[in-house]
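As structure tokens, here come the structures.
Both complexes below contain chain A, partnered by chain B and then by chain C.
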Partner chain A sequence: MKVVKINAIWCSGCLIMNKVWNNILKKYDIETIELDIDMDEEEVEKYNPGKILPVFIVFNDDKELLRITGEIKEEEMIKKLKGVCELHEKDI
Partner chain B sequence: MIYLDYSATTPVNEEVINTYSKVCREYIGNPNSLHKLGVEAKKLIDASTLQIAKILGVKTSEIIYTSGSSESNNLAIKGVCSKYSNRGKHIITTELEHSSVIAPISFLQKQGFEVDFVELDENGLVDLDDLKNKLRDDTILVSICAINSEVGVKQDLKAISDIIRTNPKTFFHSDVTQLIGKDKVDLSMLDLASISGQKFYGMKGIGALIKREGLVIDPLIHGGKSTTVFRSGTPATPLIVSLAKALRLAYENYEEKYNKVVELNKYLIDKLSKLDISINSNEYCLPHIVNLSIKNIKPETMQHALEEYDIYISTQTACSKGEYSKAVYAVTRDKDKATHSIRISLSYLTTYEELDKFIEIFSKLLDSLNIRGE
Partner chain C sequence: MKRIFSFIIIFLFIFPLTVFAEDRNIKLYLYYGDGCPHCEEEMKFLKTIEKKYSNLEIIKKEVWYNDANSSELQKVNEAFSINRIGVPTNVIGETIIRGYGNGTGSKIERAIKYYSNSENEYIDAVDGIINDNYKYEEKENSFEKKEEESDENVSIDVPIAGNVNLKNVSLTTAAVVIGLIDGFNPCAMWVLLFLISVLIGMKNKKRMWALGIAFLVTSALVYMCIMLAWISIAVKITTVIWIRNIIAVVALIGGVINLRSFFTHQDSGCEVVDDKKRKTIFKKIKKFTSEKSFIIALVGVIGLAISVNMVELACSAGLPLVFTELLAINNVNTFMKIMYTVLYIIFFLIDDLIVFIIAMFTMKITGISTKYNKYSHLLGGVVMLIIGILLILKPEWLMFNFK
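After this line comes the complex of A and B, so read on.
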């Protein structure tokens, strides 16, 4: 499983979701590719991110399984992720 | 032309342009040079700084000239956080801030700073109890704008400052860009305040960070002492003098100008309320800004349609793009309204005839674009 996370440095929702995502990464092993909507324009275009940021696109073997946009709570995010794939907890 | 985008930028006052040209022609010396031409330029800058300080009620040593509010916001936020990170790494801000506040805070988040957003009430005002709760021993900076540039919500800076002052380690920065030149502001309750000349009929490319005396911050631009050690570079004499001129002119009869905008605002809102739109600006907003949401029409479509009639308004602030408006969402809790908002911004230069013409065209466009499903 791989997550493409599309952000913008000027977006307050992205700032809020950075905290949420970092908390999730402390608990689970998830490969994340971070893209900036302005700095990585060409790469971002491939994903057609739409208007609401940030965008989390969940892939399994290059197949898009799920797309989460905007601000959501950590528990809700984990629930959505668990709905499409198995999350591996980190060894503490 | 009907210009209704004064919060994005203002046309430069002719007197300001004349001052700028005159100083460009007649004061060619580098103010840091020791010869006569340099000394003359330096004297002119000092006189301008004194004038700005008197108008704003601050000390001359508290003025740092910058290229505008984006630089001032960056300097305040990164300057404090770089200097005082040993005291703590916690920042508090709001979702109403300009992108030039959010972006440096995002940058600092990547450097290990923790960021909290203070809750807003249904009017878009900072929830003071939530601010009290979020303020921690390691909070080194609170950055809250005086006026949100999209909706116009005016924060109670005094009440916010009183809470922040309970923690002596926390500095209070406010982006007062949309307020300076329109109304008087007591800057003594702030540690840092960002201002920009282009919002009060001054030149683009000049602004200032007002920094409380005694507060030391790390500069963004290192290069030794200029007008201040906090921002190096050859002082832009013509721009600095023009800033003082613009500020002086902005505050001439400012109460009369403000009251005129209050009346224009009432007139516009009365006319708009008869149309099939919803007004997002509320009683806590600066009268210069009227934010509204249109149904079933993309804001950009309306903006360009108005442009065809030589009428200029804005969608989201010129410096953000893509996302729905966080500020509109804060006062409406409605994502549809937050993605369909436009901003009309007024000036004392606006006329009732301009507003009548705008309403006439806007009303026609609401019907025609709606029918075409745009």
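After this line comes the complex of A and C, so read on.
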């Protein structure tokens, strides 16, 4: 599973979701590609991020499974991710 | 039997006199201009009270086309030490009420009630002025003194704060609440976050503080200048009903837009700002902040703050306009207008200040949840709808005069 995370420096919601995502990454093994809407313009265009940031695009074998936009709670995010694929917990 | 009959007859004659003994006959002099819209409005109002107060005689004197009446008004103004002649001018007893706007009608009625009461002194000043035997003197018991006292009576004792005037409290609350709601509007916040991200990269704390503060102070000043300009216009035009109604319609439209945003944007998060505009601003920020000369960097950031705030003001969807209208219809003095505007701007900038100060101390950008933006749309929408409806139907409820 791979998650493409599209943010912007100027977006408060992205800053809030950075914390949420970092907490999730502490618990689960998820390959993440971080993109900035202004810095990685060409790359971002490929994913057609839409009008609301941040965007989390979940892929499995290059197939888009899910798109999560805006601010959501950590538990809700985990629930949504578990709904489309298996999450591997990290060995602590 | 004859005695009882006589008693009834005497009682029937005397009773009405004792009950209505207070209602002395009084005169209201109205100096008006033919074609003056405020005068027309007042005439409509006077028609309604003419029926209500049978002891009231209304004497109307046209001054724009009638020289005799005009010089009489001049004399009246001189007697009351008033320099500027204006219409409508009302004189009841020794009270002069100039202009006609929100609250004038109720003041005229209070004056009528005051002079109708036989316990209060009634001198027909205009009659005296015409006959050259009147001189205005300040008295201990007068309608004006009573009005001043009732202004003082709208205050309450609050522990620690002491004596607090309710009118001031209401406008203070309005400044804090509307300013706060307006502040959570994300339009200008994204530029500040852009700026902070670049400033943090500079690693020069003094420069960071100076440029950041320059941006915030300039934003505040631009907002303040625009609001004060609106107030000065609003004060002049607020008595024109149709202009007040236009402001009310702006408030209603703003309210609907805000509520629509709350209900349609179920996803909290940041709306992507127009690509071209965003890139231009980003380039400018990078250019100005990387300038070797501090002065050029400072001027650049100030210029940026001016342009961003001028453009983003439209994004507030009328909240500052509604607040300035509140100040205008409450007829507060110039100093207080500035104070309330400053208070509004402090609360408008409070979220930006928090983000900036945290970033400067921790060297990390902190975001304020976009969920607050969402609820600011809900609150802003409700506040604007209420004010819009009241401006049209019950403007006196927004005057916080508690009388």
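Just so we're on the same page, the second predicted complex is superposed on the first by the 92 of 92 C-alpha atoms of A that agree within 3 Å, B and C clash if a C-alpha of one lies under 4 Å from a C-alpha of the other, contacts with A are read in each partner's own complex, and residues count from 1 in each chain.
Operating definition for what follows: contacts are C-beta pairs under 8 Å (C-beta built on N, C-alpha and C of every residue); 3 or more make two chains touch, one makes a residue touch a chain.
This is a predicted model, so every value here is computed, not measured.
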Self-check item: Touching partner for A:K26 - first (chain B), second (chain C), both, neither
Solution: neither
Quiz item: With the two structures laid over each other on chain A, which partner does A:T69 touch: chain B (first), chain C (second), both, or neither?
Solution: second
Practice problem: Once the structures are superposed on A, label A:I9 by its partner contacts, choosing first (chain B), second (chain C), both or neither. | Solution: both
Quiz prompt | Touch count on chain A, higher of chain B and chain C | solution = C
Quiz item: Common interface residues of chain A with chain B and chain C?
Solution: 8-16, 37, 51-53
Exercise. Write out the stretch or stretches of chain B touching chain A in their complex.
Key: 93, 95, 97, 99-100, 102-103, 105-107, 109, 114-115, 117, 319-320, 322-324, 326, 339
Quiz item: What does chain A use to touch chain C in their complex?
Solution: 8-16, 37-38, 49-54, 69-71
Quiz item: In the complex formed with chain B, which residues of chain A make contact?
Solution: 8-16, 18-19, 37, 51-53
Quiz item: Which chain C residues qualify as touching chain A in the complex?
Solution: 186, 189-191, 193-194, 197, 265, 267-273, 278-279, 282, 355, 365-371
